[in-house]
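Notes follow the structure.
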Amino acid sequence: MTVRVGVNGFGTIGKRVADAVARQPDLKLVGIAKTRPSFEAQRAVDHGYSLYVAGEGSAEKFAAVGLPVAGRLPDLLAQVDVMIDATPEEVGRANRPLYEAAGVRAIFQGGEEADVAEGSFSALANYEACRGKRTLRVVSCNTTGITRAAAVLLPRWGVEHWEVTLVRRAADPGESKRGPVDGIVPTLDVPSHHGPDAQTVLPGLPIATTAVVVPTTLMHVHVNHVRLRRAPAEAAEVVEAFRGTPRFHVFAPWERVDGTPQVMEFARDRWGRDGIRGPDMMENVLWERGVSVHGPDVHFFQAIHQESIVIPENIDAIRAMLELADGPTSIATTDRALGIGRARGAARPRAAAATPVRRKA
Amino acid sequence: MTVRVGVNGFGTIGKRVADAVARQPDLKLVGIAKTRPSFEAQRAVDHGYSLYVAGEGSAEKFAAVGLPVAGRLPDLLAQVDVMIDATPEEVGRANRPLYEAAGVRAIFQGGEEADVAEGSFSALANYEACRGKRTLRVVSCNTTGITRAAAVLLPRWGVEHWEVTLVRRAADPGESKRGPVDGIVPTLDVPSHHGPDAQTVLPGLPIATTAVVVPTTLMHVHVNHVRLRRAPAEAAEVVEAFRGTPRFHVFAPWERVDGTPQVMEFARDRWGRDGIRGPDMMENVLWERGVSVHGPDVHFFQAIHQESIVIPENIDAIRAMLELADGPTSIATTDRALGIGRARGAARPRAAAATPVRRKA
Amino acid sequence: MTVRVGVNGFGTIGKRVADAVARQPDLKLVGIAKTRPSFEAQRAVDHGYSLYVAGEGSAEKFAAVGLPVAGRLPDLLAQVDVMIDATPEEVGRANRPLYEAAGVRAIFQGGEEADVAEGSFSALANYEACRGKRTLRVVSCNTTGITRAAAVLLPRWGVEHWEVTLVRRAADPGESKRGPVDGIVPTLDVPSHHGPDAQTVLPGLPIATTAVVVPTTLMHVHVNHVRLRRAPAEAAEVVEAFRGTPRFHVFAPWERVDGTPQVMEFARDRWGRDGIRGPDMMENVLWERGVSVHGPDVHFFQAIHQESIVIPENIDAIRAMLELADGPTSIATTDRALGIGRARGAARPRAAAATPVRRKA
Amino acid sequence: MTVRVGVNGFGTIGKRVADAVARQPDLKLVGIAKTRPSFEAQRAVDHGYSLYVAGEGSAEKFAAVGLPVAGRLPDLLAQVDVMIDATPEEVGRANRPLYEAAGVRAIFQGGEEADVAEGSFSALANYEACRGKRTLRVVSCNTTGITRAAAVLLPRWGVEHWEVTLVRRAADPGESKRGPVDGIVPTLDVPSHHGPDAQTVLPGLPIATTAVVVPTTLMHVHVNHVRLRRAPAEAAEVVEAFRGTPRFHVFAPWERVDGTPQVMEFARDRWGRDGIRGPDMMENVLWERGVSVHGPDVHFFQAIHQESIVIPENIDAIRAMLELADGPTSIATTDRALGIGRARGAARPRAAAATPVRRKA
C-alpha cells in the first residue's frame, strides 16, 4: 500500500516535508498547496510536484508567471489519505475543519496549540502512544530536540530534574524582517512554553525551561543540566548513549567544530551525499567535549536546526497514524530515505582515542 | 586625606574608572597612562586628565598630534598611592613588578588570574575580607554580577544549589574585529571559569556555570536557577530584596523593557542626570516579571553591562585596601558620586500596583 | 520673547528634541505628549517635563503607575506657539488638522511626505527659504546628511553630478523586532526616495541615490561620488571645507576610528562635556583619509547618526518659522546650547601634520 | 586526455574546487592536501578523495583520528599536471616555488597579489588572453563579479565610466571569530583594491570602486552606476543581456526575493537538482526591478556569493592553460557539469509579462 500525502504550505517546513515524503518507499506525494507565486512555488514545479492553490490564492496569478496549477486545495484533499499542514502558526487550526470535512487524516506543526490534534508526537519518545490517531501534532523544533534527548536519558538513568536554557535563534536564514539585530531578549515567562509542551509528549517529565532570543539565524542551542536518578559511570557513557541513538550527531574535539557556524558548515558539506538535503541538520547535535558528568549531574549542550529537525518526525507521524510500522522500523526507514546517520563523522568513542582504528558509522 | 590614584590603560574600563575616580570626594586622579595616541587619548586630555606614556609608547607620537604628555608611567607611579591597572588581559600581571618596585598598591581587573593579587574583590560580597590588602583583583563583569546577586540571596534564604547559564556578548560596542557575526558558540568546558571565579570571592558557593557566546555587543544575560535553603513566600519577596539592594535595578512590566536593547536605551536616556554616565548601566538589571518562585526554586534573569558594571567596585576596592571606610559607607559614597540609584525608574512594588502612589527611590 | 514649544511623541526623536528645546535660551518646553506609560514616560517626568496624554491614550494607565499627567494633547496645544510632531510615520499627517485647529505652528519629521508642510527644511541648506512658514518638515536623517554636505560643496565648487550609495542601518539600537539579522536588502527602486527628497530642499540638485539595508543599529554610512564643476586643488581643501563648517566632524587618521563602532564610542565618551548628549553624534561624520580627489571627482564617506542628526535642525526650524534669527545665528545658538562643535577632536589640518601645535576647536 | 589535478587547501574554496574538478568530464581529481584533521578532512575522505598532508602537518594526527592519508604534498605534486592552490592569503605565494620545482602548472586565488602568476583570469572576460600560461591567478570573488558584468556591458554598449560601491560581508558563514557584530567599517582607501584588480583582467577598464564592510555572512552586494558609451533602449534590453549570459541569474519581481537572505534560500532549495551544490550560488545575481536606465546611465545591484562564485572560473582556468577548449566551450562544459544555468527560475522577460507562456530556461 502506498499512502497518498498532500502538503499544505510550502515554506520552511512544507518544502522540506514534501521532499521527504517524495523520498519514502511507502508514501506518495500527491501535491502541495500554496497561496501565491514565488521562487518557492517555482521550485515545487521544478521538482515536479503538482501545485494546488490554497486559501484565497489566485490561480490567475500563478498562470501569469507561467506556473501551472493542478487545482485548488479541495482538489488536493480529494486525492489524499493524509494532509500535512505546514501553514503559518494558527492557520493550521483554521484549516482543521477542511481536513475533517474531507475525511482525511491530518498532521499539524508545533506552532499550533496542543489541542489542535488528538495527540502530540515525537518519534523517539511516544510513537506507540500515537498509533492509530486521526490527527497528530508534531511538536516544535525545540520540543522535538528536548523529547529526543529525554528518550535517551529516561530509560537509561531516569530523570530526577531537568533544567534547560534555550538560546533561541531570532529568525530563519531566509527571513529579512525579524530582529533583534543587536541584543538579547529574555522570555520572561518562567517556565517558557517549551517545558509544558514537552510534557504533552512525556507527561510528568520533571523539566523546567527558560529561554532567551539572540541575533542569529542558524540554530538554537540548548544548555542542559539534568540530575539523573542513577549516576552514569563517566561522561563517555552518556556520550555513547547519544551517539548510538538515531537522530543524534555528536562532534568529537578533533573535528574543530566550535559552534553553530561550523555545524551548519558541516551540514552544507554533506550536499553530495545520497539523499541528504545539504544544508540541513536533522539530528540533535552534541559536542563530546560539552558533555560533563559529576555524580548524577549531567550538563550538555545541544544545537537544534530549527528548519529541519522536525522533518523526519512528520514522516514517522504518518506511519504511526496509519500503523504502517512500529517505531524503530519507521525511524530506520525514514532515516535511510533521508540519508540521516550515514555521514556521522565522529563515530569513534573518546575512550578509544589511542587506537588508530576507525569504527564505521 | 585624599588618596592619589593613577590609572594604567585607558580603554573600556580605564576611561570609566578614571572618570569615576575623578568624581569621588576622597580620591584624586593624578593621571592616566596610555601607549599610543587615539581619540581616547584626546578625550583624556579634553577632560583635563594628565597623560603619561605607558609601556613602549612613544612620547613623540603624542606630541606629533598635539597631545601633551606629562611624563612616562614611572613618573606617574612616583606620585600615586594606588594604581588601577586597566590594561588588556595578562598585561596586568606583567605590570605587577613595576607597581611593587614603586611601592604603590595596585588593583587588577578580572581578566587576570586570581593569583595576580592578594585577594579577589566584590564590594557587596566580601568587602571586609579585603580590608588592608596591598593588591586586589576586581573580578570580571560576569563574576561581579553573580557575586552581587549572591550577596542578596545568601543572607536571606541561603543557597542550596545555583545553576547559571551565561549568554555572553561577543564583542564590546566599540570593537570591529571580533565575531561571530551569525552563530552561537558554546563554551564547552563545564563549568565555565565563572563559577570557580565566583568562589574566589565566596569560597564554597555551590554554583555551576555554563556559557555560550552570541552575536551581540550590548550586555550579557544570565539565566539563573537557584535552589534556596529556605523558600521565599512569593516572587515579590525576592523582587523587593533585589530592588532594595544598592547596584540593582529592577524593571517593572509597565516600563516596556523587553530586552537588552531597551535596557541600554534606558541607560542612554539617563545622560542628563547628575553624575550618571549616560550610556552605562552599572547596576545588575533584573525584570520583575522574570523572577519566578516555586517553593525553594527561584528563576531569574539578570543583564550585565560588561563595560561598566565593575567601575564602582574598582572605587570601593581602593577604600577597602586603605581602610578608608566600611563597606556600606564606601558603596554609598561611590554610588552618590556616580549617580547610581538615583534614577531607579520602577520603584513601586508589584504588590502595590493598585495604589496610585509612587514611592520615590 | 520666549517661544513656547510642545513636543508630540516621545520616542527616539521626540525625547531628544524635548531635551534640545529645554536647553535653548529663547525657547521654553511647555510639555510633551505621549500615548502610554513606559520607561521613556518616566524619564520625561524625571527630567521635569510636563506630561500630556496623546491620542487614544488613557490617563488612568499613567496614574496607575504613578506618572502624573498635566492634561491631554489639546491642553498642551492651548499653551504653545509651536508644536513639534515627533510621532511615528504618517501619524504626523493625521495630526495636522489638530494643530491647524489650535492655531499653532507645526514642525513635522522626515517620515512624512513633503506636502505635509509648506516647506522642507535643512538648516545649512535652505534656512532663508523657510522663514515665516507656518508649517515645516525637517527632512529625514539621510536627507539632512546629504543636504548639509551639499551646503558645503555647492557654493565652493558647484556640483555637476552626485551619486550616493546609502548603506542603511536596519533598526535603531533600542528596537528588538526589526531585521534583518543576517543579510543585505537592496532598495530596488532607483533612485531611492532620498534623492528626490533632497531636491525638496535644494531644487535641481543633480543627485542620484541608491540604497541597501544592512544588519546594524549604529549609523548609516553614505558612500559619495561627486563630480564637481570646479576641481579642488587637493583633498585637503575639501577636508578643510567640511571641517570648518558647523555640524561636521572629521576624524584624523591618528584617532584610530575605523568605522561606526568607534564613531559611536567617541560619541559615548563625550557624555561629561557640557551640554552634549553623550551617546549622540549630531554632526555629519567624515574620515579625513576617506576623502579622495582626482580632478573634479571627489569621493567621500560620511556616517549619519540616525537618532540624533535632525535634532539641531528641529530647533533651527522654529527660529526660521518665527524669524527669531538669521540662519548662521540660529545655528550658532543651537550648537552652543547643545555643545556641538566644542569637542571636535581632530581639529588640526592634515597639511600641518608636521607642526606640533594644536589648533583649539 | 584527462588532466590530473590536485588541490592544495581544503577550506571554503578548496573543497568546492575539488568537488567541481571531480565532476568534469576531462579532469581527474588526484587528491587534496590539508594540514590538519577536521570535519572537512573527514568530508574529503567521505567523498573518496585521496588525502595528502600539506606543509608542516602531521600524518600521525590524521592517523590518530582514523583518517587515512595517501602521502604528503610532494607525493601529490608528483602525480598531477595542474595544482590549484586554495590555501589562505599569501600562503599561495610561498607555495609557488614548490609547484615550479615539481614542474606542474599552478592556479592561485585572488587573495594573492597579481604578480604571483603570469596572468589574472576571469572566464567571460579574458579567457583567450590566458591560453597557454603556466600559472594563472583566478581573481577574487568581487573582482570576478565585476569582470563578468564588464563582459556583458563592454561589447554591447561600451563603458564610459563605472562606479561600484561594494557592500562586503564581514565573515563567511562557517567562521566564528571575525566581526564586526554591529557596525559598518568603510574601506578608507579610494579606490578600494577591487578596481585596480579588475584592471589586471581588463586593462584600462574605467572603473572606480569604493567599499564598506557590514555584519553579514551571506553575500556581498555591489551597487553599480555605469555610464555607457551608447544608451540602451530601455532597462529590459540590459536585463535580457544579463539574463542571456552564462553565470548570471536575474530574479523577477514575482519571485519575491527581497535580498540576500532569499537569494541564499533559493540556492539552498536547489540542493536536489542534478549536479548543483545546494547552498551555492555560482552566478552573479541581479534583480530585474533593480536595473534602471536613464539615457546612458545604468544602475544595477548584483549580489555575489563569496564562497562559490570563483569555482567555475578555477575549472575554466585549467582548460585555458592547457588549451583544452576555447572559452565558450569550456564555460558550457563547466556549467553543464556543475548544473549552473539549468534552474534559472525567472526566465521570462519583463516585456512579455502579459503573455502567460513560460520560456523554458
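All chains are identified by letter, namely A, B, C and D, in their written order; residue positions are counted from 1 within each chain.
The working rule: a contact is a pair of C-beta atoms (placed from the backbone, for glycine too) under 8 Å apart; a residue touches a chain by one contact, two chains touch by 3 or more.
The structure presented is a predicted model; accordingly, all values stated were derived computationally and were not measured.
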Farthest-lying chain, centroid of Cα atoms versus that of chain C: A
Pair of chains joined by more contacts [C-beta pairs], A-D or B-D: A-D
Mean-CA-position distance for chain D and chain B (Å): 48
Chain centre separation in whole Å, for chain D relative to chain C (CA means): 42
Inter-centroid spacing, chain D versus chain A (mean Cα positions, whole Å): 34
Chain D residues counted as touching two or more neighbouring chains: 173, 175-176, 180-183, 185, 215-218, 258-259, 261, 264
Chain D to chain C touching residues, read off their complex: 163, 165, 167, 169, 180, 182-186, 188-191, 208, 210, 212-219, 221, 223, 225, 258-261, 264, 287, 289-290, 292, 297, 299, 301, 303
Contact set on chain A toward chain D in their complex: 15, 19, 37-40, 42-43, 46-47, 61, 63-67, 173-176, 181-182, 217-218, 251-252, 254-259, 261-262, 264-266, 268-273, 277-279, 343, 345-346, 348, 353-354, 356-359
Chain D-touching residues of chain B, taken from the complex the two chains share: 170-171, 173, 175-183, 185, 215-217
